[in-house]
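Attaching a single structure in structure tokens format; questions to follow.
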Amino acid sequence: MNWIDEGALYSQIGLFLREDLGRGDITTQSIIVRNTRARARFVAGQDMIVAGLEAAEEVFLSLDSQQQLEAFVSDGEPVEAGKVIARMIGFADVLISAERVALNLLQRLSGIATLTNQYVKAVDGTGAQIADTRATTPGLRLLERYAVELGGGYNSRFGLDDGVMVTSNHVAILGGVSSAVKTAKEKLGYLHRVAVEVSSENELKDAIAAGADVVVIDGPSPAEFLPLARIARELSSSVAIECAGKITPANVREYAAAGAQLIRVEALTSAATAMNIGFQVQPF
Amino acid sequence: MNWIDEGALYSQIGLFLREDLGRGDITTQSIIVRNTRARARFVAGQDMIVAGLEAAEEVFLSLDSQQQLEAFVSDGEPVEAGKVIARMIGFADVLISAERVALNLLQRLSGIATLTNQYVKAVDGTGAQIADTRATTPGLRLLERYAVELGGGYNSRFGLDDGVMVTSNHVAILGGVSSAVKTAKEKLGYLHRVAVEVSSENELKDAIAAGADVVVIDGPSPAEFLPLARIARELSSSVAIECAGKITPANVREYAAAGAQLIRVEALTSAATAMNIGFQVQPF
Amino acid sequence: MNWIDEGALYSQIGLFLREDLGRGDITTQSIIVRNTRARARFVAGQDMIVAGLEAAEEVFLSLDSQQQLEAFVSDGEPVEAGKVIARMIGFADVLISAERVALNLLQRLSGIATLTNQYVKAVDGTGAQIADTRATTPGLRLLERYAVELGGGYNSRFGLDDGVMVTSNHVAILGGVSSAVKTAKEKLGYLHRVAVEVSSENELKDAIAAGADVVVIDGPSPAEFLPLARIARELSSSVAIECAGKITPANVREYAAAGAQLIRVEALTSAATAMNIGFQVQPF
Amino acid sequence: MNWIDEGALYSQIGLFLREDLGRGDITTQSIIVRNTRARARFVAGQDMIVAGLEAAEEVFLSLDSQQQLEAFVSDGEPVEAGKVIARMIGFADVLISAERVALNLLQRLSGIATLTNQYVKAVDGTGAQIADTRATTPGLRLLERYAVELGGGYNSRFGLDDGVMVTSNHVAILGGVSSAVKTAKEKLGYLHRVAVEVSSENELKDAIAAGADVVVIDGPSPAEFLPLARIARELSSSVAIECAGKITPANVREYAAAGAQLIRVEALTSAATAMNIGFQVQPF
Amino acid sequence: MNWIDEGALYSQIGLFLREDLGRGDITTQSIIVRNTRARARFVAGQDMIVAGLEAAEEVFLSLDSQQQLEAFVSDGEPVEAGKVIARMIGFADVLISAERVALNLLQRLSGIATLTNQYVKAVDGTGAQIADTRATTPGLRLLERYAVELGGGYNSRFGLDDGVMVTSNHVAILGGVSSAVKTAKEKLGYLHRVAVEVSSENELKDAIAAGADVVVIDGPSPAEFLPLARIARELSSSVAIECAGKITPANVREYAAAGAQLIRVEALTSAATAMNIGFQVQPF
Amino acid sequence: MNWIDEGALYSQIGLFLREDLGRGDITTQSIIVRNTRARARFVAGQDMIVAGLEAAEEVFLSLDSQQQLEAFVSDGEPVEAGKVIARMIGFADVLISAERVALNLLQRLSGIATLTNQYVKAVDGTGAQIADTRATTPGLRLLERYAVELGGGYNSRFGLDDGVMVTSNHVAILGGVSSAVKTAKEKLGYLHRVAVEVSSENELKDAIAAGADVVVIDGPSPAEFLPLARIARELSSSVAIECAGKITPANVREYAAAGAQLIRVEALTSAATAMNIGFQVQPF
């Protein structure tokens, strides 16, 4: 992540805290003496790839800069159930008031990294890459892409402005793959490579004939994908061949074996669930 | 949702669009003639409770106020796989550029409403309520709580500032349930009812003795929950009895039958996944 | 005050300075050499409870972090006319440019604390509490409540979202105290205690019969209050008894003696005037 | 008020509502059916000059644009105790939820206009003007100056950036009135007239000798003011003569009679208290 | 320009007005009766390509939505000295208060469009394109690029995030063109075409050998450019050939004739000066 | 520049960087190892007055606070072509990513200071001052005025709110110079001096007769200016005499010699072009 991204991340954490704290944690402020020193630990409740530990640390620091986190694994590393991920030293009130926001980030991002890593391991050695999509949680794309990367996935275009993809809805309006691709090449080909979604042999052929740099074969079973990928390679030695659709950790290797160079998986971000991670506070 | 909330929702949608569009949808702007009239429809890819249709409509309207959505079901209603949820008339470029943000909201919120509804149906007739928790996606709590409500769930406190809950981490710092509850009652009891998490028979007894208005029995199996709920009711006719922990649609009815008045389920928001909903655009 | 509150306070001080300085203090910048070292002192022009000294310090620090304030009394402490409240060391231009904003805060907040303290002393030993209301200066509620607390007063609900109060206007719309209280108890009683304004014996009885947790007897003279308070206590040993209306430092003790547990006084914030405090700058 | 000012005013009202409503008016939203039509009226509880009625109307409109206010007096007009100031037609929930913010503005601004008007009437026919100062409530200067104007007062400089005033603190640093005024004339005299605070005959003479355009005689009793004003006029036929200090409605006419052209009164904004104005809602 | 861009443009205009008006146009507000109807016209003081007329219209509308502008030429069209560009009907105070901001935009943007058009005409018929660079006025890139486009120029990458360009400073750090281009192709070549700045024959050869999609020959005279462009074309039939440096309207055609497909000219935005355009207001 | 101004400047620099970097410098981040130490230097490509060096330094620091700049000349000092203006030590990626924004500021502001200085030198010894106008780049007025000051120019009013100027458009609406000036004196003369634009002998006489403090003779040739300036001085020994219009470095001294005390030159900011300044990065 770069300078701008980190800045965006920090400002978001302030908003996340405000969402949860509102006018303040009335319970904690009423019953815990301010600045009581305490320690805490994050404990993994299941096997996972950890993601979001730095973000979680930022949550505590945003509330009070004197909290200290010592991590036993780094973002992107695996951890087994029962292991302590990190421990903290700080103030009881800060630790408790920031706990939920920190966990919400850490649990969700670790869920994405862990799911991504299942796909990545499944295609190990094939040379294929597992890529994310724009099916992210609104407002969290930056963080969720970071989790995908930590899980070993590839970040495809961030948004509609930094990559060219002709989709089936574009094709429906323009009346065919061919004219859509030609127009895109003419208007945008100077700076960008042009990708196009295709869902039949005819569309595939039209796309390549029109000069598409990347074809995204959308929705096939592994058995359907294989002959289409072969045709694509026969028609062009340079076109990039991708697939998208309802790809699972169980069948993803078949697509890779059939020639998919990049596999786009919506589920990485839209079907990941929060990992089980506990946060236990204790007096010092 | 109230006035203030709606305002917050609208401003967020602008941010969501900006996240996805950045400096603009370069593909669509290059290949689709501006203001080409088109129609589109949302199609359910699986059975679900729909949630977020109004939010999705707002996404399109935020980009261009001339888009029209006609819904065939309202937020909170069930729909079967294959059915058309809504259709739209508008401009091709607007429909395509806003599609992904609208779907990201609609798919995710419908996922939460659908999962919530499974829990709600499972306790049908018992009088128990299924409540959400603060384990929401950072930045989306307002929308996710709305989806829980649409699924038939109960919204517990929004954040740390509008409800009192003594948790196990508070107890750890204070050295016991009793003093924690007493302090909370003294400081906050004038305006609020005091809830406390307990995880053993002793803690339960201490909590009720100290004047807790609500006891949240955390983590028991249904078999463990039953005797604790009985003890609570014997000790106080007025204390509210809740449970929390790893509750599933399969076992939730057992807790209700054992006397849980309100069942807090983190999974409603932390384990829901996006529903399969398609969006197909066509020329007019 | 908590983390969130302090953050809110600091951002406001920036706005307060911008309001007064606009594009800059043209007089001072033209005639005072920048960074000329100087000292200054705040002098009490009348007896008062000091409030807002930390806020005033923040004003100077917001303009330039090298100013130092040494306080001779703390916020909430009394000071006699003629005494030096605090002295400062810093730069002449900063001290002069920030003076007015600092004084505007300090004088006004000290006015509120001082007036509050008159009421608090008047009920000394009775056990009754003097509470503020929402009749605060728009935009300054956080600071004004803080001043009330420094004067010995009790902070009632911050706003419409963190406490339940059925007012006479609610009752007028709903056609009676009884249904209003019952609905409020049913909808909100799970998390909150329900307070209701009453202005007659009948309304008082209806409120208690409907389950009100708190009755606020609004507008009576001390003589009228006494019998109503007695009836309330006879009907319920647990209902909290409050009064509100045109209560003065001269008559407040009568209400306390008649059984008011909490006395709501709009004047604490709406009728307080600025205390006379001078600020004298001198060369070093 | 101009375009820019009105824009500033509206954005502030949104903040004022947010301060009071937070996440929403939980009482009203729970017990009043949304969009129940209702009417209301503002009733004067004492004689006053009304100020802030348009601002109050904006408060209701900011919450819901369908509220209608019919005013029986305009901002700046007098009203007697017991009279209805305005009546409203709208929705019960909106009227009740916005009531407190609207009253807080209307009561406070009317207090300022009423107090200002007492001073203005006291100097009627003398030609002297009653001017406000920068001793305003932080964040509300725009509105409070507007109230002063409605009461018949004169708005002096808005802030430190749009007028030149050499104060006693400037003089203390610079070691004398003479050099302070000369520097200010040299640096700022091209665009601005230069005012200077003086508190003795010597300072007065130095100021005029140094070319001050305006002398502000600070702190004298009426008896002390008279000879100083005479000296000023003898020394210069064009210098403007002002006074400032602890001026009351009872003694203000003496200053005017002694030659004060403009009388600066901190109390207009720092000692005004909220007027008694009621707001009664009824079903339609 | 797209939806997002227009939104950004409008919000900027509010800031531009605030910069000039501050707390308001004190002269106009004091001497012109509000809402006095008036008319005005923009008159060209020299031959030019008009750019920014819609932006200028927005300035007036931002201040008051009732102003009407009738344009006699559209943005991007030429106009001769002495001609009326547009006329307006509105209010005298609004027209006068907004005049300067509107002119500042219109004059500057027309200056850019006019200068760009000189370059564009100079290469007419050669097939070469005149492109802008990132040497724009900070904060105005969106508007200045728009003016370049109106003048017939080509918009190259908006910023550092939407196009890949290896510059001489990158090469200096990496120790050679070859490794820089190879790394860029490997990391970014999947979505983007890679451009590289070269300043010698050796660098040019290395760049093409390393797979550069675009070579930008930086700084040559037309005589130096010709042989380098020939070598580039001999080495690759597909590499795009660009030039950059101190190109003038007088010599630009030589570069085009020598084979430059795209000519990057910093001067379009960094050396354009404001066009002479008058704005005359008259009573109605 | 004062505190408020500096704050405004810093916030703008963040926006300038965001404009150029968007989601990040994809080229640099891909090919330069993060935090590679490097050095760089700014080299003057022509003779100039340097302006904006501190602003440029802020650009680098805003991206990463560890960059160090050592300046060999200060803002406002002259430098000859070929000389090194400043050198930097820092990180290669930061230096390269911030380069363009820093140069855009430094080149443009130096252009303004250099052009201003040509005018200033041309009137050397005459006592006349060269003043800027409001013909600045929207959004950059603060910085551009600063550059004018560095070049030896005089900053006239910042905006419409801090100075009074009756223009020809005001006069057109009011039907004559005389009434316009009289109204302005009456309404604003207490705090401000009143300037008025005149373009004929009659208008000049009317303006002085009506009490104008400053006359701005607009549009004359030097030959036309001389007799008007004489008339003005004959009519009033105190009126300030200014001129405005198409003044060039070649003819400006004639106006000064003819009696212009202050000469308003739009070109200082509207016709300045970017200076040629290079930025060369090298490995350490």
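For reference, chains read A, B, C, D, E and F in written order, and residue numbers begin at 1 within each chain.
Please note the rule applied: contacts are C-beta pairs under 8 Å (C-beta built on N, C-alpha and C of every residue); 3 or more make two chains touch, one makes a residue touch a chain.
No experiment lies behind these values; they were computed from the predicted model shown.
Over half of the residue numbers at the subunit A-subunit E interface are used by both copies of the sequence.
Compared on C-beta pairs in contact, B-C and E-F come out with E-F as the pair having more. With respect to subunit F, maximal separation of chain centres occurs for B (centres as means of Cα atoms). Centroids built from CA atoms put subunit E at 48 Å from subunit D. Per-chain CA centroids place subunit A at a distance of 56 Å from subunit D. Computed from the mean C-alpha positions, the centre of subunit C lies at a distance of 22 Å from the centre of subunit D.
Residues of subunit E in contact with at least two other chains: 21-25, 97, 158, 161-162, 192. Across the interface of their complex, subunit F is touched by residues 22-23 of subunit B.
For subunit E in complex with subunit A, the residues that touch the partner chain are 157, 161-163, 190-193, 240. Those residues of subunit F that touch subunit E in the complex are listed here as 12, 15-16, 19-28, 30-32, 36, 38, 40, 92, 95-97, 99-101, 103-105, 107-108, 134-141, 158-162, 164-167, 169-170, 172-175, 180, 183-184, 187-188, 192, 266, 270-274, 279-283.
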